[in-house]
Structures are given as C-alpha cells and as structure tokens.
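In what comes next, chain A is part of two complexes: it sits with chain B in the first one and with chain C in the second one.
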Partner chain A sequence: MTTVDTAPIRRKSFKKMITDSRAIQLVILLIGVLILWAIISAVIERPDRYLPSPLTTLFSSVDLLQKGVLTSFYADTLTRLVIGSILGIGLGIPFGLLLGLNRNIADMFYPLMNFFQSVSGIAIFPVIVIWFGNSNTTVMIVILYTAFFPIAFNVLSGVRSVPMRYISAARTLGATRFQIVKDVLLPGAMPSVAIGSRLSIGFAWRAVIAGEMLAGQAGLGNMIFAGQELDNTAQIILGMMLIGLTWIMLDHYLLRPLESDTIERWGLVQR
Partner chain B sequence: MATEAKLIVQGLAHHYPDEYTGESVHALQDINLQIHENEFVAIVGPSGCGKTTFLNIIAGLLPYREGRAMVDGVEIRGPGPDRGVVFQEHAILPWRTVNRNIGHGLELRRVPKQERERRVQEYVDLVGLSGFEDRYPHELSGGMKQRVAVARTLCADPVIMLMDEPFAAVDAQTRITLQDELNRVVMATKKTILFITHSVEEAAFLGDRCIVFSRRPGKVKAEIKIDIPREERLWKDMVNNTRFTEARDEILRLVRSEVTNDDDG
Partner chain C sequence: MTAINEFSVAVQRRFGRQRLRKFGLGLIPFIVLITLWHMNSIFVWFEPVEIPPIADVWGAIFWLQSDCPGILAAIEGHNGCQLTNNISSSIARVILAMVVGVPLGVAFGIMAGMNRVVSAYLEPIGVFMNSVSGIAWIPLAIVWFGVGWETTLFIMLNTIFWLLFFNTMMGVRAVPKVLIQGVQTLGGSRLDVILHVYLPGAMTSIITGLRMSMGFGWRALIAAEMIGGDSGLGFMIFVSSAEFKTEEVFLGVILISLIFLATDRWILVPLEKWTIERWGLVWKPT
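For the complex of A and B:
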C-alpha cells in the first residue's frame, strides 16, 4: 500500500528534478548523442574512414595534443576570432552610431550598409586573395569585414528606431546633444547592439574556419581540411566538435550574460 | 497686484505642410492666453484641434514663426528645463530605474549625487512610489509609470509643468486615483500647470480655468473659470458639487457644438 501511495509522488519529483535542471538535461542529451554516434559507428563498414567512434576520436585528440599541434591550432584560430571580432565590433559600433545620429545621413547610407551586410565574407574572399595572396592578412581582412557590417548595420538601424518620445523627453529635461546620445540613443539601441554583436561574432567564427581552409593558414579550419587529405576522419570530427563547443561557451559565458543584464533586465525583449 | 504671468502667448498661429499632400495645414490661429503663478489651466477641445501642437510649441519641440510665446518673460526658442513635460505615455526611459528616471533632469544638470538623492526621495514619496525605487518601468503598472513621469518632471523643478493628456492611456479607475493625486501634488508643490485633455470631466475637475479650443484651425473659443478651492476637489465629493457639474455641463456644451459641426471630429 505504502509503495503505491508514494510512487506517484517520487516519480513526479524525479521528473521535476530533470525538467528543472538545465545541466542534467544537457548531460542526458549529450549521453544520448554519444550512444547514437557509437551505435552508428559500430554498425557501419570501415568506421575509421566514414565515422570513427567517440573513443577513436578521443584517442586522436590525445595524439594531437601530445604532438602539441591541437593547442597551437586552437590558439591560432581563437586569436584570429578574438582580434577580428573586437576590431570589427569596436569599429562597427561608433560607425553605425555616427551614421545613425543624423536621420538624413542614416537614410542615405542605409541601403549601402544593407547591401554589404548581406555579402558574406566568403563571397569577397577571392578578391581579397587576389589583393593580398594566401596570407594571414587575407584571413584577418575577411574576418574584420565579416564582423564589421552586421554590427554597424544593426547599430545604424537601432539608433534610427529609438522612439522619438524618449528623445523629446530628454530634450525637455534639458539634455544636450551629447547627453541624448549617451542617455537615450546608445541604451535605446542596445537590442540592436546585442543582435548585431551576436551576428558579428557568429559570422566571424564561420569566416575564421573558412578563411583558414581557403588560405591554408594554420588553425582549426586548416586542421579539418588536412584531415580529409590525410584520410583522418577522427581529426575532422574533432575539429567540428571544438568549433561547436567553442560557440556554446561563447554564447553561455559572454553573449547571454550581456543580454540578460541589459535588454532583458530593461524589458526591451522577452525571453 | 500686477505680477507678470508665467506663460504669455500672443497672437500665436501655426501652419505645417501635410505629410502626404504637402498642402499647408492651418493648425492654430491667433492664440492669446496667459497663465499665472500657481494657476492650473486646462485646455480641452475636439481631437485634431491642435491642442497637442500648441503644447509642443510651448515645450519648444516645435518651432513657431507667427506670434509670440514667453515663459518668465523669455521668448521660447527650443526645449528647456524651465518647461517640464509629462507626455501621454511610455516616455520614461526603460533602461533607467524609477529613481534614476526621476533624478534624470538633475543628473543632466550635474547636481551633486547627495543633493540629487535627497530630492529624488522627496518626489518618490510625494507620488507614493516608496519601495519601488529600484524597479524598472516594465515592472510597473500604467498608473505607476505616469506617477514616475510626473515625479521626473517635478523633480527638475520647472517654471511651468506641461501635461499632454497624461492619463488618457490608463484605465478609468486608475485615472480617477491619479486625478485625485495630482490635486494633492499641486497643492503640495504649488506648481503652475498647463494641462491638455480631451476629457471634459477631467478639465472641469482639475482646472482653475478651462480653455475650450475650436476645431481646426484651433483658436480659443471660450474660457471658463472654475471657482472651487483645490482642497474641496475630491472625486467622492464632486458629484454633488453644483459648481463642478455646472462648469462641466457648460464645457461639454461648448465642446459638443464644435464636434457636431464636423462629423469626423
């Protein structure tokens, strides 16, 4: 009798524990993916060529770690991403803001910015190679270009979309032009700054990998590319996993906290 | 005693080009009025009569070329902290807490932090927002947001407070409470107020004087004095107050005659 009575309660609390904890959910999901991966790898022919098992991939990473190439490739790639993103966003925000300050200038430049933010870094890659060759400079220019336009375009349209009544209110309180920029336009454009930063860093991350592959510069992208030539599929999968995991970390420890402390706290976006 | 009026408007007129047709629209015509210290003047009129245009001109948000408008003897040229504005809705900044919204005017003027905090607390208490100082606007009800807007304007200590249908967007129950509260605040601060509304009841309840605008082009059609001491102005007593009901009915008659002349109001 007692077991019958307590069973539903215990089951409910267990279910609640799972649904409440994001960490537990993530672990369960990860284990599921690993099991599925291991099963597929076990049943196919020539798994080393088509899909090496999780364990093989792990061994391959230990091997690459011992040789010291994994850390050096990863560091190269991350350095390019960080420098490219910081430069792109650091230049893009003031540029977008400057254009956005005057409604006429903003309207004039809007189509041009809209044009460039749609032409991806990969699309301009060939011409940059013609100009600068297969060099690190080429990769950095493509990353910078990729990071610059999404943020600049979003800040421009964000400044334009700040409601006129906020500006009027600040003016009637005696705000100077500079104070309006600082207290109204910049915080008002924050939702766009957040979206723009996310796009910029996300696109830059793809540009780094693609750029390294195409220009043959040392890094994760090159490691993946080399994996195909060396017939080392484990190396390819390892590179893919590092790319994805890096983004999840960036999102969790940098982008999400930035958003929840600003635009979500102010009620400008709902989540 | 011939004290100079706080706000003097002489022969003010306004034209603007229509957004679509480009034709010149005659919004205001030969407006003459004065508002004295500690006087509460309500402007009422049919929608589209130019009353908000008038307020925007006084606020300095809209440039004017015809006629004169002066605050404390100084010609109005652009916005300034001597004319605080309470807008219809959603004009407090979402990224500032209640405290920082109310103290914004002082912050812009670089009033020292200690002095600022003291003044802010005074106005937080005055409008009954104690305990909500650190909340963000999206966490407040519509009525509380407008209390913040009123406190923000008063805290900057303007010569005249301009209010543009400040209670039009809140529900009827909240509106009554806010109107009662505004009376209390006016008594406490002795502010000079220009109040725009389309509600006849509101104008009669709040105004020492009520100015009726004609439909476009807006001009002063009539002026009604409402001689009720502010201490007696409480909604629970007003229904039986003949001075209030008579003034209200008179204003209503004047506004109705404007509306019925033009069906699209």
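For the complex of A and C:
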C-alpha cells in the first residue's frame, strides 16, 4: 500500500510546543513551584519558622557549605547507604539462593522471613537501640535489616523462575551441582537480583534517613532533625530537597539503567 | 494405632497434604526461635534488659492494662488502658488517613490519567514527593503542626496520597481507548466515562496501590509516632526503649507486625483478589 502524505507540513504552534516538550514543561513547573513557594512564604506570618523563602533556603545552603558541614553530612549518609546496602545485598543473595535451591528449606524459612519482613526496620529500631545504644552500629544494623529482605525474596523467586528444562539440560550434559548453580541458576536469577537490589537500596535509603534521625548520627537525616530542634526551617527544607534529589539521581542514572541492562543481558526472554 | 492413622488421613484430606507439609515446616523455625528465647530466660545468656523472658512480654500486656476498669472503658479510651489506647490511636490514624487520602489520591490520579497536561505537571511533583520518603517529612511536619496527632496524620496522608495517585494514573492510562470511545459513541457524558470506564478499569491498579500504600504508610506512621507523636504503638515502643522497658518494646514490635500482617492477609489480599476477579480487564479488544 502506498499512500502519499499530502497534508501540508504544519509548523508546531507555540502552544503545542509548550504542552509537548518535556524539558520546557519541567522548567515551567520548576519556576511555577518556586514562585508559589515565594508567594506563600511572603504572605504567611513568621516565614522563617514555617516556610522560609527559596532565597533564604539557598543562602542557608551556602552557609552550610562554607562551614563544610553539608558535604560531610552528605558523605556520611552516602557512605552508610553504600556499606549498608552492600552488606544487606551480599547477605541476601546467598540466602535467597539457598532457599531457591531447596524446596524444603524454602518452605521452612519462608513464613519466618515473611514475619520478620513485616517487622519493618524502623519498628525494630528501639530494640536495636537497647542492644547497641545510639551508635553508628545501630544505624548500620537497621539499614542491613531493611536491605536484606527485598533482595532475598527476589533472588528466591528468580531462582524458582528458571525453567526446569535448562537445569535438566545442563545435568544431562554432565554438569555438577556447583556448575548448575554457577552457570544456570545464578545467571537465570540475574534480572531478579537487579530488581531486588534496586528495591533493597530504595528501602535502605529510607532506613538511613530514619536511622540517622532517631539515633542522632551525623548525616542528612540528622541534619533535618537538628534543623527542627534548632528552629532552622531553611535547613530542614534544604535537607529534604537534597534527600529527594539524591534519590532521583541515584535511581534514574544508576539503578534503573543497571536494572534494564541486566534484564537485557541476562533476561530469560522465552519465545 | 488405627484411630491415629484414620485421624491423620482425615486431617490430610481436610487441609491437603502439601499445605500441611508447608505449615509444619514453616512452624519449625518459629518453634526453634521461641525455644531459644525461652532457654535464654533460664540460662541468662543475655540480660533480661537485652532480651526479656517470654513471660515478661506476656505480662506487659496486663501491666499496661492494669489500670483499665474493663472492656467498655477500653473502647471508650479510658486513661488507664495504655495498650489498647495506643493500638486504637494508631489504627484510628490509619483509617482516617485512608478515608481522606484514598478519595483524594484516586481523584487526582484520574485527573492526571485523563489529561496529558495535568499529568505533565503533577507527575514530576509526584516523583519528587515519593523520593522524599514519608520519613523525611517528619521534621517539617513537626514545625508546621507541632508534636502530636496532626503530624503523624500528615505523614501517613502524604505517603498514601502519592502512591495512590501514581497507581490510579497508571491504571487509567492502561484503559483501552476503544472502551472509552464506545461509551462516548453511545452518548455517554464525561462523568459516565469516569464512573463506568475509568474507575472500574483502573480498579485493580487502585487496589494494588492501596495495598502498597498500606505497607509504606504503616512503616511511615510508626516512624512518625516515634519522632513526632504523642500516642500510638510507635510512640509506645520508643518511650519504653528510652526507659529500658524491653518487654514493652518487644510486645509493641510484635503487635505492630501482627496488626500489619493481619490487615494485609485478611483484608487487603482478599480485596485485591476479589477486585481482579470482578474488575480485571482480562478481555482485551483487538
């Protein structure tokens, strides 16, 4: 079928451009939010306490940067996140693999894991505080605890989803048990590992913030909490924005590409 | 012997062999854990302050309720009934947040799902709000509303609203265009389309969002009660922890997870299943 497009090439109208381009929309949105924010903070009483203007928030960030506190807080939080999630994922993968390998073990530990998963890391915090005090260890344990379950559950279901055919084929060709794990199950579970890691890191990020707030360990979470105690609302808002932006960046530029790459490379797309 | 055999056969028939095996196996770690816990209170490997005996945790229920005159007073919220008061105040906040947050989230979600321009402006805000997890809002909420009810409610609402907003929006977008055009051809108004096409079409997605928001919201609520609350289970365990009343902390933690598990297992999961059966768009127009 050959059709000749005879419609005249129309130039995009300005209105169309505004509603279609994502970047322009984002800029408009950003400006709109900032203006709204500025207006609200100009109208309300005692804006320094309830909602400091965007400029005040910016100045407070410059102030904190000059003191060198902001960077050190930021580094503290990120270090905790990295170490905590590496430990959590490092423990979760072998555990999920173990459960995925043996049906009996899986049936045995699944209800227990389910129970402990529903005891969220934050709820367990008071117990850990009694055991280890308000220390860095407490925060790390809470992070590790939160990061452990999503990855373990995902690896378990990932290993389960590897078709029996592949395992049988490898076994027929004389593969040992270890080889099957290494060459069939682990690569087959790779997409789940990626998805689970992203979930784990997401949960861990929340746990870092909450843990720092509750245990009073230096970091972004503590920065916003201290901002509330010091009556420095600009510092709270600054911290919140940093928390949000960091996660968006981390998710958008590191975790999501990693996930889709892994799925592309290892995904068992069956046709 | 035959009586036992017959009994076991009957039990297996009633519940199914596989389910019995799973149940039995799943019970083992719990039994081991509880035995270890009990042995700890006999041999005192860890001090009672670190791991309290089971009897103390059980006793904490009665200790917390000791000033409670009776069941009726507990329901009314008598000052002496500390445990039931804390439980009911946590649950009341969940219900209140659901009642306010769910309709709002669904309404905005439908709006964003229907209109490209609205979604273009609301979606980035939603992404940001979801990234600033509920917990990070706590200090600002304390500044705005002070320590107490409003703060915890705000945190819960904030978590529920954005999750439901996103899920509803995705659900509305997934509704096939053909169905909408069908209703419009037959003379359906915009309201008809929303009520009879978008809402039922997005229902499964909304309920999934509800379940998710309950999971995230319950965690956020506990954290909010710890930091900025003056009642509730989160508040209870936090205060007890500062006073080194470990048995109360253990009781609170167990209750928190049991309440969550019960709501999830007996309310939300059946609801989800039912909605998928009832409203799920299994049929796909070609």
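Definition applied: the second predicted complex is superposed on the first by the 220 of 271 C-alpha atoms of A that agree within 3 Å, B and C clash if a C-alpha of one lies under 4 Å from a C-alpha of the other, contacts with A are read in each partner's own complex, and residues count from 1 in each chain.
The working rule: a contact is a pair of C-beta atoms (placed from the backbone, for glycine too) under 8 Å apart; a residue touches a chain by one contact, two chains touch by 3 or more.
Just so it is clear, the model here is predicted, and its values are computed rather than measured.
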item: Contacts of A:R165 with chain B and chain C, given as first, second, both or neither; value: first
item: Superposed model, chain A: greater residue contact from chain B or chain C; value: C
item: Which of chain B and chain C A:W131 touches, first, second, both or neither; value: second
item: Which of chain B and chain C A:L99 touches, first, second, both or neither; value: neither
item: Touching partner for A:D183 - first (chain B), second (chain C), both, neither; value: first
item: First (chain B), second (chain C), both or neither touched by A:L156; value: neither
item: Which superposed partner A:V139 touches (first chain B, second chain C, both, neither); value: neither
item: Chain B versus chain C as contact partner of A:P111, first or second or both or neither; value: second
item: Footprint overlap on chain A, comparing chain B with chain C; value: none
item: Chain A-touching residues of chain C, taken from the complex the two chains share; value: 21-22, 25-30, 33, 49-50, 116-117, 120-121, 124-125, 127-129, 131-133, 135-140, 142-144, 218-219, 222-223, 226-227, 234, 237-238, 240-241, 244, 246, 249-250, 252-254, 256-257, 260-261, 264
item: Chain B residues touching chain A - in the complex, by the definition given at the top; value: 59-61, 78-81, 83-85, 87, 90-95, 104-105, 108-109, 136-139, 152, 156
item: Of chain A, residues touching chain C in the complex; value: 19, 22, 25-26, 28-29, 32-33, 49-50, 104, 107-112, 114-115, 118-120, 122-127, 129-131, 205-206, 209-210, 213-214, 221, 224-225, 227-228, 231, 233, 236-237, 239-241, 243-245, 247-248, 251
item: List of chain A residues in touch with chain B within their complex; value: 163, 165-166, 168-176, 179, 183-184, 187-188, 190, 262, 265-268
